[in-house]
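One chain, chain A, links the two complexes that follow: it is found with chain B in the first and with chain C in the second.
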Partner chain A sequence: MQTTAPERRQITAVSRPSDKAFQGVVTAGALSAFVVLALIAGFLFLRSTEVFRTFGFDFITRSKWDAGSVEDARAPQFGVAAMLLGSIIVSTMAMIFALPFVMGTSLFLEYYISRRIRFVLVSILDLMAAIPSIIYGLWGYLVLMPYASHWAASINKYLGWIPIFAVDRENFDASPFVASLVLCLMILPIASSVTREVYSRAPQDQITAAYALGASRWGAIRAVVLPFGLSGLVGGMLLGLGRALGETIAVLLTLNLVFAVKFQVLASAGGNVASLIASRFGEAGPLELKALMAAGLVLFVLTLLVNFGASIIVGRASRSTK
Partner chain B sequence: MTSTTSLVTPRRPWVNRRNVYKELIPTFGIAGALAVLIVNFTGLAGPLGSYVAFVAAYLTVSFLFGMRHDKIKAFDKVMTTLICAGFFTAFIPWVSILFTVFKRGASAIYWGYFTSDMSVTSGDDELNLGGLSHAIVGSGIILLIASLIAIPFGIITAIYITEIRGRFSGLVRIMIQSMSGVPSIVAGLFVFAILVSGRGFSAISGAVALSILMLPTVARTAEEVLKLVPEDLRTSALALGATQTATTFRIVLPAARAGLVTASMLGMARVAGETAPLIMTSFYSANFSTDTSGHPLASLPMYIYQNFSNGTDLALSRAWGGAAVLLTLIFIIFTIARLASGRAKG
Partner chain C sequence: MSISLQGTIGRGEFERSLNLSVADGEVLAITGPNGSGKSTIIHTIAALVPLRSGHLESDGAMWDAPDSKQWVAPENRTCAVVFQDLRLFPHMNVIANVSYGLRAQGVSKDEAHSRSTAVLARVGLSLFATRRPSELSGGERQRVALARALVVEPRVLLLDEPLSAVDVVSRAALRELLPEVLGGFAGATILVTHDLSDVEAMATRSLGLF
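And now, the complex of A and B:
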């Protein structure tokens, strides 16, 4: 006797006209993000073509920013090299400062305290992420800067023979060091929430196995959690880097913008594309405005690339664990 | 009675046991005493110096305690101390921020602060003159308009991903992710290029800039929330003959109502303190106004920024006052979001 399973029925759903209309409207609405991104890139490009045509590749490689003047017959010249490099230096330093704290915070919240306390602390961390950047800037300038200048002076005193810690003039205020400390604080919540998320999915059986083999808590973390969560950590840090690159006001308040390529991170001179736009915007003439649009486009493309990389890494990290 | 399957509940060996405190308290005490000695006999001073001294002393003491057992235990204790120190050190600046904002902000705040504007007062006048009513109302107007734009689009995006599940779902999610990384200054430049240049600053343009920054937060939170709605509800509704439109509007959205409130509130909290895009869109005005187009409009972040740029002591006090008001506002929005999501779970 043979039983045959009935053939699987083919279900064909025919959408009603009202549903089709609904789907159309929602699809159109959902593509708004795509449209906005395309519009931003398009408009910034349109407004800055003249600058790119006039200055060509020099716009990226030169660091002189001069609106020119009619009286002295000086031709305007715009280049973002110093600012772009400054953005990268400040954000990278913020990454380096943040890394131990991101790891410490994520591991502490995930493996060192009970669930109930974790819930409270995570809520506080979320709340800290909501502090606006102008308040970070205000605090960074008025409260942190005196301390940070003092620290910078001691670093310079003892490690000044290393080129990046050297200074030409003994002024440590508003240096890339200060700005990156503020940025480090600002990216900590986002970076550690992503990292913690991935750390929390570390395979339970392997952790238990590590303990069974006599590992200490740190031993289990080093053998299981850290290798497992590496991609999450990298992704979280990259996401933070994207934030740091685009941060404007906090950096504007705590960094002294100087249009020259410099690697002295303790000196009171640095660069930042986003702050450049905010600081020059008020008194910019038509051509300079276009140059600022071009700088905005450069920043937009840079952050888009970083964020794209970050979301791919984070996405892969969370998919591989599900 | 036969027992069927007995599930082994996974143990969490890293959870603290009671006897931890037997070692914690002496370590704490000895390290504290050591720290006092260090502070008294070396260059370390002040609260920060004491903290550093304490952490260093604690590291040493916990290492020595661990060495009573073996090297592995000692190293484990050192790492535990480092990880805890990493966490607590990260909190010091935030405590300092909250403390400074409310302490220094308090000096600028008096009753008239919330009822008068800066039209006849300059930044460096005495602190019993002028106020920020214009900035609060301006921020409210800009946030309201931004929400009216961003919340519907954010929820529609979430509906597309969870309800329609069309073929662009992956693309839309990536776009939202990328959009959340758009620097606020770039959003400001963009809105300046399309709405402000040639027409002048206006509240509307500020709201458009903020809505660009708000949309991804709302969309992503709303997506999470709609995913929590049980699939059974949808299939039951469809089985009863409801159209997809009716299922979405009468079953799914009401079920996720509280969560959608959370999504909206988180979006508002995200942009309430944005300054950079407002510099180039709604700018600042010292007068009380509710005009949404054609004129610059004040907002709390711009009020802070203006007073900071002024730079005198009294203006800085005003900036701190504005910061205290702004932070309180954001915390209130945040609390509403949390309460709403708490109710959604309960």
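And now, the complex of A and C:
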């Protein structure tokens, strides 16, 4: 029997005015985020062009931050290396501290308690996200820092032979360690919220399959929930990293800003780009203001790179569990 | 090991009273139309859903008795399930899927690997150990699910429509393999099916739920 393929049909659909209007609204909403992002990038780029033209790549690799002085005939020098490295160190430490809490909180809320208690605890956790940064900063400075300094001293005493735990002077206040503990608390709500949401969507049939093969609850979580939720965990942690990298006032209160590249995380000296901008913005002259804009641009690019890398990791992780 | 269930399963219009027992070496086939509670029996025995009333016991040990608030967790019941939709772990390869139950019970990695390899050979999948479930045919996936249940050496094997998700050719091959495997299985087997050919090929006794 000979068969012939049917002729290709032209399918047309006439959109109603309300459909067109709705499409326009959602398209505008989606595009506005990109437009705002582009405007911020363009603004920072334009304002910082002169700084990059003057200092070139040295702006990224040098640590000295000096507005210069006409009286002393001292030329201005701006370099963001120490602050940039400080931001990365403090944020990375905050992520490391937060990771077990994020995983533990998410799993506990999703798999170990009743729905009613979960509702109460989730509300409290969400409330933590609404606390202003300044409150975290003040609490970190007034309450946490004395304890954290004591812990830092103990770490230094027993693990001081490891270079990052060594200190030149025994002052453990306002160190990257203290700042990262405060940041850890600040990123916990958002990171836990995203992670918990993804954990809750772990395939129930595979969890029951694990039980049916003799797995305990932890066994089922390890085999099914953790691999399935990896992308959510990475996504949640990176949202937290975004907040940690950009956090200003809480870090400013709990970290002693020093314009020198330091890897000693327990020492009372560190760096943070956002806090640098906040601390210098009020008294900056025209060139220093542009240098602060350039520092902002560097932070902006760093955050974009982190998020871009995160998207790739999340994509790979979610493909591997399908 | 024998298993006996006397009581009520399911809820609302699916509620059903049952009285069944299966002895060692026996293959009890449970047949019936959709919604008759066949799969719920499997899930109840495997502790995935609780018994509504009555009692479920295995060799005198009470597994589930709502009235006296006795309930044994799934990991402490010596049974294994082959689900209708298989439920293989998609992110694990075949050998990891098969050895999962052993590892969950605390068996060492090496021993779990060697025991899993032996069971894979029994179901004819030795060459597929490093493949992911997505790289297998329906019949091969079914064999993995069977191997995964057998490797933990359960005292009660629960097969929920084991041949419903495979094509005709694979079904014929599995219908030859399953009786052979079940013949060498010392524990009690409950086979849920709506296909009378499966009953003829594998069961020693049958129970109709209508």
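Basically, the second predicted complex is superposed on the first by the 273 of 322 C-alpha atoms of A that agree within 3 Å, B and C clash if a C-alpha of one lies under 4 Å from a C-alpha of the other, contacts with A are read in each partner's own complex, and residues count from 1 in each chain.
Definition applied: a residue touches a chain if its C-beta (ideal position, glycine included) is under 8 Å from a C-beta of that chain, and two chains touch if they have at least 3 such contacts.
Just so we're clear, the structure is a prediction, and the values are computed from it rather than from any experiment.
In the superposed model, A:31 lies in contact with chain B only, and not with chain C. When the two complexes are overlaid on their common chain A, residue A:197 makes contact with neither chain B nor chain C. By the document's definition of touching, neither partner reaches A:288: not chain B, not chain C. After overlaying the two complexes on the shared chain, residue contacts for A:227 are found with chain C alone; chain B is out of touch. Look at A:300: by the touch rule set out above, it reaches chain B but stays clear of chain C.
Set side by side, chain B and chain C differ in how many residues of chain A they touch, and the one touching more is B. In the superposition on chain A, contact of A:206 is made with chain C only, not with chain B.
Under the contact criterion defined above, the residues of chain A that touch both chain B in one complex and chain C in the other are 208, 211, 216, 219. On chain C, the positions that touch chain A within their shared complex are 43, 46-48, 73-75, 77, 79-81, 83, 85, 87-92, 100-101, 104-105, 134, 148-149, 152, 158.
Only residues 10-11, 13-16, 48, 72-73, 75-76, 79-80, 82-87, 89-90, 93-94, 96-97, 100-101, 152-153, 156-157, 159-161, 163-164, 166, 168, 171-172, 174-187, 189-190, 193-194, 197, 212, 215-216, 219, 243-245, 248, 269-270, 272-276, 279-280, 301, 304-305, 308, 316, 319-320, 323, 326-327, 330-331, 334, 338 of chain B touch chain A when the two sit together in their complex. Residues 205-206, 208-216, 219, 223-224, 227-228, 320-322 of chain A are the ones touching chain C in the complex.
Interface of chain A with chain B (complex): residues 15-16, 18-19, 22-23, 25-27, 29-34, 36-37, 39-40, 43-44, 47, 100-101, 103-105, 107-109, 111-114, 123, 126-128, 130-139, 141-144, 147, 185, 188, 204, 207-208, 211, 216-221, 239, 242-243, 245-249, 253, 274, 277-278, 281-282, 289, 292-293, 296, 299-300, 303-304, 306-308, 310-311.
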